[in-house]
């Protein structure tokens, strides 16, 4: 039984894909008379199957040696590309997290998207999405991982572009794709180089290779930088982080997955690449540097947002920044713990956000107020999600932060300070949002706000329970330290930083309108933060400007220099000095004849002399 | 057996002209389609008898013809040419099926399409230099007329330009062939691998230079490419499909078969320059495509860029890279054919290809939603997204070229990134947003898309995905031939994995 | 066609048109066919909506898991399979309209729901309903407005159901009279609807639920809520005028500020919406158009078949016709609510009338009114 389960482990990602395929009759518009809901049900069913299969698989892998399944996909000459998956409790567990969150997000979407006629396309994309991420979780070859990352890029593009007729969606989808693509191309350079250097792209082979590899520091560091570029784009890290903010134009149920498991997928790849990155100290330093910039910068940016979804998306970048620091410092356990805790808490928060947005028809933090007494599930989801996201009570992220502090406490005071700072700032941000949304008097858009229907409430309640149980889960998986090994002073400092945030966030003056501060210095800082340090304009002045002016120059060059020169010089003789003009020529038949006769005469002449 | 592939289109072309009762456009189309399908079926039938382990050419046929000229009818097929013949016959069916059923002068039109098929298949099958040249020249006549008669507003200009370029290409190739036979003192024009062995390096370089010029125009390589965008823009959709899908491949095929195949020594001398030339082509094509506002021109420039990858892999000249060449040829053939088909549908329906005008074509009711979805598939395949054939072909090109030309390969990879840029702009501009179909911002209700317009595109999209998931079905045909190709003295540099020191040196040097 | 407005108000032409007894929608035979045809299918659809809304209000009261709320109490295997296959009326759209009405509020109903009287009645019903459910009882204690807010929603279920019940009947008789040849022009259509609205104007709006065999009033007759001012007018305001922004065309991004902070300034309703994106993603009215496609009268369907795309862009054509018909309904509402008789000769009354019409026209200025003047099926 176990054997069959293990041998068929690779089916799990395929279920999502199959579900996506089954939606085709509806998403392609072949079924016109009836509605698209069967497509949604198929997909949810397939995800459920994937989840159940995954659960059985998890039990089979528990206390079992990791099983490797290898398919020799393409071998030509010296190249042997394999599709290689590893089934261990860690990889299958990650896959379970993905399918589990996916099924909750899909159920949530059934309510959130109930009045959207393009439901089938949405579910097809969710199935595709889920397949890519769960495939990534068990992939044991960099080639396969790269393929899944690109599938993710594509499905992110299509999901963000789901409401394709909405003008901001058009730019958001484009930016999401291109930003990730920049990272992916650099990653591809790394993958191809690595393939040529190491001869194989399977992770075990690569790890073996790193033991003996003799790379010059320059090559090793360039390779490392190329490899981390992909995850930088995927995890929305500085300077490739803007897409996540824009991606909030997409439907909320997709945001649930995007802000939890999709960004984590990038970091997961990074963790898998870590042994190779050890060859590249510069890349590791870059990871830490980028992580620091993103974690601190985005934490501040999150506080200045007026859009509820964006406030959370920036916080996602900040948390992933911490993960980058962890990988850069080679503490992958800390990274995994934080990823896990963050993914669950953030999903729950995004569900809560979804129900707030749907009920109030607004994403504007200044237009909310007084929701708590009417929306018990949404409020509880928000509170539990928030508490689990910060180090205040012994829930998910507390243990992750505690672990991080434990590691950095003595040797890396700066990194410890950053963890505490991010924690404090997150508490401030969450407290601010909580006060704006749930407390205070109701406003015009929140005065009638009944709780959402069961399709959205059930996933929220389930995830609340999972979130509350997550410390227990972490304990059972052996991720938590024993009581006697806990660094008590670190824990207390962490809680203190959380309390400090709570006090500041609780007393912060709230803006209830979109007015900006009258004091100029404050206003400048406020604007700078709410527009994300104007990074998008920086892009505009630099890379976008460069590419667009270069391409316009090329067109000019092509039209007037190359075409003009070739036309003028090359064929001047043929036309007796008359250059070819951009006009329809009536004499073309004559030219053809001339050319044909010319060619044949030439041919004959040449052959004649020969024979 | 093999000659049937030549006889069907040739007889078909004659029958269409001669046989009475085919004035009716639809009937002529059906006759032509029937013949093309038969030719395609015959190709597949031959495929079942194809010996995968044979290294040399198969199904050889030989007839003496003008012995005094050294011209013999010698045909055969191997792993290099067979996939291209299949592609050609498939796309001929697509082109005929996808033609407007109310074409003017239908008999002449379909006859020319079949004649084109005849020429191209002949060129792929020829095992005699002069015979190849003859077919190579034959093919350009129908194409000239197809552009000049059924083309757009500036068809005369485009057709003439095409003709002149291709004629120069022909002359250069013929010159090289004659020179080769003359210098080597061979008794006939029969294709033999060791023809050039006795030649000095200088002689080889000159002859190879001629071939590079000739085939470089056909591929086309920058700066010999300017005939291509004009030809594409003016040609009707089926002709564009054939032009991009197979005709350009005659150039790369010729380069591989005759350039690399006959002058391996000179090739290895020129290879670094060729790789650099490939970089120029790739980046030039990509950058020029970004600023285009005509969808068809954008796809045409994209072709220029993507053909550059083939040159890169050919220059690298390792067993792996030669497989990459074939896979990239087929992949580009399928993808560019798909893109041209789709752009063609957009143009027929809206009357424009202007990216500054068109918006929101994904609109499910009044727009072209299925065409839009297929367009997304097409551009993603072209941008090298995994799961589609564009990815594996580009991956093979890069992977195989990197050990030999690291810097050039990395630069070419930037081209892949730029492909995503311009094609994404195309999709986002024309297909996203609120529907607009006219330059005054209004919407006219577009005629509905019919299955004749959709089904060829769907077929190509399916093939693109199938070969993307199972590239072995593409690679298996060529494995043995390429192994032999590279087992010969043709391959001098057989470096398979990258010596790190080289990479370091290369990076520090540049 | 529309004459150039010359006088002080930009929509004088329309005002004069109404004052002279003409209609907002040009009177052409094709328009009449379209409007009557679409109102017939609309009548069928909102009839079904109304039945379901009333069923939910009465029989699914405070049910936490209303799995079978769209079955109207008739569950069978074949009904379940058809439901799963989505071969059914899209009741989600009715709920969407109900929620939009609830959210925008307005009228006496809205203020009644905030009154002490309602709160008292609601508490009674809640106590009766959750008597045996300690979990929900404690939840209700921690979140005191949770269930009252749900009941407000049920009230709107019922009110919209009652409103649509009347309208459905009205539209179906319109179609019958058209077939009998009694209705031949757009003014006839408007007059028919106006007469129906006037006849129902004073109907009381009430709502009570049955819990454990005992009836609990939530809107007693004594609350004095009536059809025209507490259902029809808020409905027109919420659905015809304001609506909610469609995610498929408008960005909710707070920083982009595309959506007004004041719901009173929303203009996303049926009279304003752009028909072109209908059928696409993120456009809720698609559901209504899809429901109507099943009940198109043969004559209208033939008319649609006569266009370039025939069946392919049916939803957009239905939406265009629907918008025309909604202008007729608006027209009837304008006439029905006129402060003074249309033919009045008293200058003071005329001035009041003029002022009243200007108020309407100001709101309609950015609507699709201009488009429906010239729009014909293509």
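Read from first to last, the chains carry the letters A, B and C; within each, the first residue is number 1.
We take it that a residue touches a chain if its C-beta (ideal position, glycine included) is under 8 Å from a C-beta of that chain, and two chains touch if they have at least 3 such contacts.
Every value quoted in this text rests on a predicted model; they were computed, and no experiment measured them.
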Per-chain Cα centre nearest the global Cα centre, belonging to chain: A
Pair with more cross-chain C-beta pairs in contact, given A-C and A-B: A-B
Distance from the mean Cα position of chain C to that of chain B, given in whole angstrom: 59
Inter-centroid spacing, chain C versus chain A (mean Cα positions, whole Å): 41
Chain A-chain B separation of Cα centroids, rounded to whole Å: 37
Numbers and ranges of chain B residues touching at least 2 other chains: 362-364, 434-435
Residues of chain A touching at least two other chains: 118, 164-165, 167, 169
Residue numbers of chain C (touch at least two other chains): 249, 277, 279-280
Chain B-touching residues of chain A, taken from the complex the two chains share: 28-29, 73-74, 76-79, 118, 146-148, 150-151, 153-154, 158, 161, 164-165, 167, 169-171, 173-174, 177-178, 181-182, 185, 188-189, 192-193, 195-197, 199, 214-216, 218-219, 222, 547-548, 550-552, 554-555, 558, 562-563, 565-567, 570-571, 574, 580-586, 588-589, 591-592, 595-596, 598-599, 602-603, 606-607, 610-611
Contacting residues of chain A [partner chain C, same complex]: 32-38, 41, 114-118, 121-122, 162-169, 248-249, 251, 305-308, 310, 357, 361-367, 372-376, 379, 444-445, 447-451, 453-454, 514, 530-531
Interfacial residue positions of chain B with respect to chain A in the complex: 68-70, 133, 137, 141, 144, 148, 153-157, 159-161, 163-164, 167-168, 170-171, 174-175, 178, 181-182, 222-226, 284, 287-292, 318-320, 323, 360, 362-364, 369-370, 373, 376, 380, 383, 385-387, 391-392, 395-396, 398-400, 402-403, 406, 409-410, 413-414, 416-418, 420-421, 424-425, 428, 431-435, 471-472, 475, 479, 483, 486, 496-498, 500-501, 503-504, 507-508
Footprint of chain A on chain C - complex, ascending: 64-66, 84-88, 90, 92-93, 96, 102-103, 105, 139, 142-146, 149-150, 152-153, 244-245, 247-257, 259, 261-264, 277, 279-284, 286-287, 290, 293-294, 311
Residues of chain B touching chain C in the complex: 362-366, 434-435, 443-448
